[in-house]
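Below are two complexes that have chain A in common, paired first with chain B and then with chain C.
Now for the complex of A and B:
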């Protein structure tokens, strides 16, 4: 029983990281209509930006480094979209071509990270962590902060999408880009803002993943990408709220399963859920009328 | 020209509000529009009529920026909007509807209207975080205006429904009300009466007259000549992609070319001969 309760706490931490990453990926997919396979590498790059700010230059507190590292990743994502992805998306109607470009981009970013930071496992400079009792759970302060960040971010995304003109324009574009343009929505601007938000969330997710795992490697984002896809698809592709719910399901299921089966099968559990979803509800468990 | 500039660019105050000259558009070997030239007078309701395949919808697509012309020019007031990005044209004050109504189905009925107004503070991340009062005030004003429009168009009770759940007639009304929300100077309506019941035709006719009373110029594609006769000040007849004639419908009924190309066909259809 004790192990089961502990695994729920781990599940909530994993779900938090997953939710930040899934919502970032879903936002970008909903607007541009193509999958960014370099998203995992965006996460890793953002994590290494935070690492440098935390360990090498400025020696910032990890939470301050997380903010600046993520913003840096957001700005870089806008640049990558402007210089590389957007021209391809304009040239080719089918999203498939841009998807291939993102595959290539993924390899390039991964190797850039290897060349700048090497293949060594690294870790952030954080205060010594003590485990605290929170109700029936045992959590470190860092894990609690990661969960708080995820909750606050999800609320902010909800407020953005539901109550601001910017969010409504994003949803309008996600729903019907052509009609959004005809209604006078500046779709280029919305796309740029979306890439900034998506890149920033990738950076955040990569850094909090490194914090919660206690280490980071150039490939950590790429490995996590498959779990993110599972969460996004289980929740309902293109749905922000689906991505949040999918993250919770996958995060909890993978960690709780580890208290019953060998922990090395955690990823397999995520894929089993993904396959079952695709078999019985391909539109996603939380797909409903309306994307966001 | 930035989007902000566009929102404040006046469509001028003299002469025709919309002028197109020598528009052409070919699809493969077919000339859908073949030198269409006409002016749309300011603050009037103008009908664009013609037989099927005359190029009416293609012309409206070009005017609204949804399609690029092969040649020719389009001026909105004094601004050359030829082949301009459609969002920029919309922000200059030219809105449109479609033959088959289009709605932002994943947004509520109210939200469909709230995305329509031109440049707003709430579009900027900076303003959302650092000028929240301004954003809130603007949003409140927009909600008030949208609510008023929805009441006028009989959609108020459906304001929180997903737009995709509406019936065909309701979608038609939503599309028109979304355009009205943007405070356009020119409103292009592509067959607003198509597929709607007679009672709704009456209502939509009334709404179009209201728009005119509020200073909006309307250019509408319409096949229903009773409606054209009743609400339109001016008529442009297109045939084979060219402007065949312009004038009042009563004058055009005397024009042999027009009768041969279109009106005879419509009158025969309506009388069953």
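Now for the complex of A and C:
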């Protein structure tokens, strides 16, 4: 029983990381209508930017490094979209090309990371962690900060989408891009902003993943990508709130199951839930018409 | 030196086989199978496990795995191909139902990672992270070959198998079955109004492709004598895609060119270069990057590949009589002509139409 309660706390931490990552992926998917298979490598690259700011240059505090590393990744994501993905999406208006290109991009970024940072396992420089009792849970300060970041970020995304003009434009574009364009929305500007948000959230997610797991490797983002896919599909592709719900479901399920079965099968639990969703509710929990 | 040359030839033939398998799924039927390398791996493991004796006995001492049938050469390879096909049936039944292309790709790439994860963690299945090793060299006992001669001999065997599989694939592609595959790729809606059961044909295509993947994987483990999870991370699937797209989607001879350019020139030739001192693995990273960049450049500048698909056209004969409905009164004689090039754009059309899934 005690183990079970503890695993719920871990589940919430994983769900927090997953929620940041899934919302970032979903935002971009909703606007551009294709999946970014390089998203896991965006995460890893952002994590390594933070790592360098934290350990190498400047020696920033990890949370400051997190902000700047993520923003750097956001800017890079805009550049990648401008230089590569958006031309492909325009030239061949079929999603198939861009899928292959993002798949290729993932290979390129992964190997860029390997060439610059090597294959070693690294970890961030953080203050010594003490475990604290929070209600029935045992958490470190870092884990609590990660959860707080996720909650604040989800609220910000909610406010952005529901109350601001930019959010309204994004939702309009996600529903029907050409209609949004004819209504006078600057779709190119929205796309750029979305890529910036998506890249920044990828960087955030990659870094907090490294913080909460205690280590980072170039391939860690790519392995995590599949858990993001599970969360996004379970929640309903293209739905931001679905992504949040999916992250909670998958995060809790993977960690809670780890207290019953061998922890190395966490990924397989996520996949089993993914398969069950596909069999019984293929459009996901929060289905959106036209996106599934 | 000759050892290297034979190795190059071997991987060239194997990637030709692998590319044919993915081509029938992706190039002919329009299924974006991002889990392809998983099928290769299963073929490899099953071939290895069936050619070894019982686990933890004899040459398999210290290894844990299932099967252990001690099968002689061509049968273990066939076992690999068949098990890989069976896996394809299961996967197709779950994943091909009602899924849009990009969902399907997401599910399949996840599947690839999960297969990897299971094989890596569940030691009793295929020996976990160590993988299978000490696989007996096929037929070297019969011909009394030492390990150097074996490399050349097995490269030749692989060449013959590749030729047989090429002829087999050509038969499929020019048969009514192949035409149906292409019809589904080009427009699933039209194909289904013609009474074709799309789901059934997609499963058939997955099964054929997976068989090729399994055979290719089996050849890899027979050649090297070992196989472990690090050999089949999802990025490897991308290499096979690169072979197809560089060579020419839907063109088997093009795949030969693609296998030569991508697999031989970009992957295995650089692998023989000496390592840069102090930076282990840098060459490998660079060649992977180059493959990614080459593929993007290819898609941008020549999406139909080096050798484009040859499209048969059946034009109505000039001056023929038409009835009131505009149909020919005289049955038109098919004229086979190499006419237009079918770019990958048409493959993309098939994907667009997949919304019906």
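Descriptive notes on the structure:
FYI, the second predicted complex is superposed on the first by the 287 of 292 C-alpha atoms of A that agree within 3 Å, B and C clash if a C-alpha of one lies under 4 Å from a C-alpha of the other, contacts with A are read in each partner's own complex, and residues count from 1 in each chain.
Definition applied: a residue touches a chain if its C-beta (ideal position, glycine included) is under 8 Å from a C-beta of that chain, and two chains touch if they have at least 3 such contacts.
In this text the structure is predicted, and so the values were computed from the model without any measurement.
Aligning the two structures on chain A places chain B and chain C side by side, free of any clash.
Of the two partner chains placed by superposition, A:285 touches none, neither chain B nor chain C.
Using the contact criterion defined above for the overlaid structures, shared-chain residue A:165 touches chain B, although it does not reach chain C.
Judged by the touch definition given at the top, the superposed model places A:5 against neither chain B nor chain C.
Superposing both complexes on chain A places the Cα centres of chain B and chain C at an angle of 90° as seen from the Cα centre of chain A, in steps of 10. By the touch criterion defined above, A:75 reaches neither chain B nor chain C. In the superposed model, A:67 lies in contact with neither chain B nor chain C.
Of the two partner chains, chain B is the only one that A:187 touches; chain C does not reach it. Within the superposed three-chain model, A:144 lies out of touch with both chain B and chain C [touch as defined at top]. Once chain A of one complex is fitted onto chain A of the other, the partner contacts of A:179 are limited to chain B, with no touch recorded for chain C.
One of chain B and chain C touches more residues of chain A, and that partner is C. Between chain B and chain C, the shortest distance over C-alpha atoms in the superposed arrangement works out to 18 Å. Across the superposed pair, chain B and chain C both touch chain A at residues 292. For chain C in complex with chain A, the touching residues are 32, 34, 94-95, 97-103, 105-107, 109-111, 113-114, 117-118, 121, 233-235, 238, 241-242, 245, 281-282, 285-286, 288-289, 291-293, 295-296, 299-300, 303, 344-345, 347-349, 351-352.
Against chain C, the residues of chain A that register as touching in their complex are 34-35, 37, 84, 87-88, 91-92, 94-97, 99-101, 103-108, 110-112, 114-115, 119, 219, 222-223, 226, 229-230, 232-233, 237, 262, 264-265, 267-268, 271, 274-275, 278-279, 282, 292.
Those residues of chain A that touch chain B in the shared complex are 160, 163-166, 168-169, 171-172, 174-176, 178-187, 189, 193, 196, 289-292. Residues of chain B that touch chain A in their complex: 3, 64, 66, 85-87, 90-91, 95-96, 102-107, 111, 114-116, 118, 120-125, 128, 135, 138-139, 142, 162, 164-165, 178, 182.
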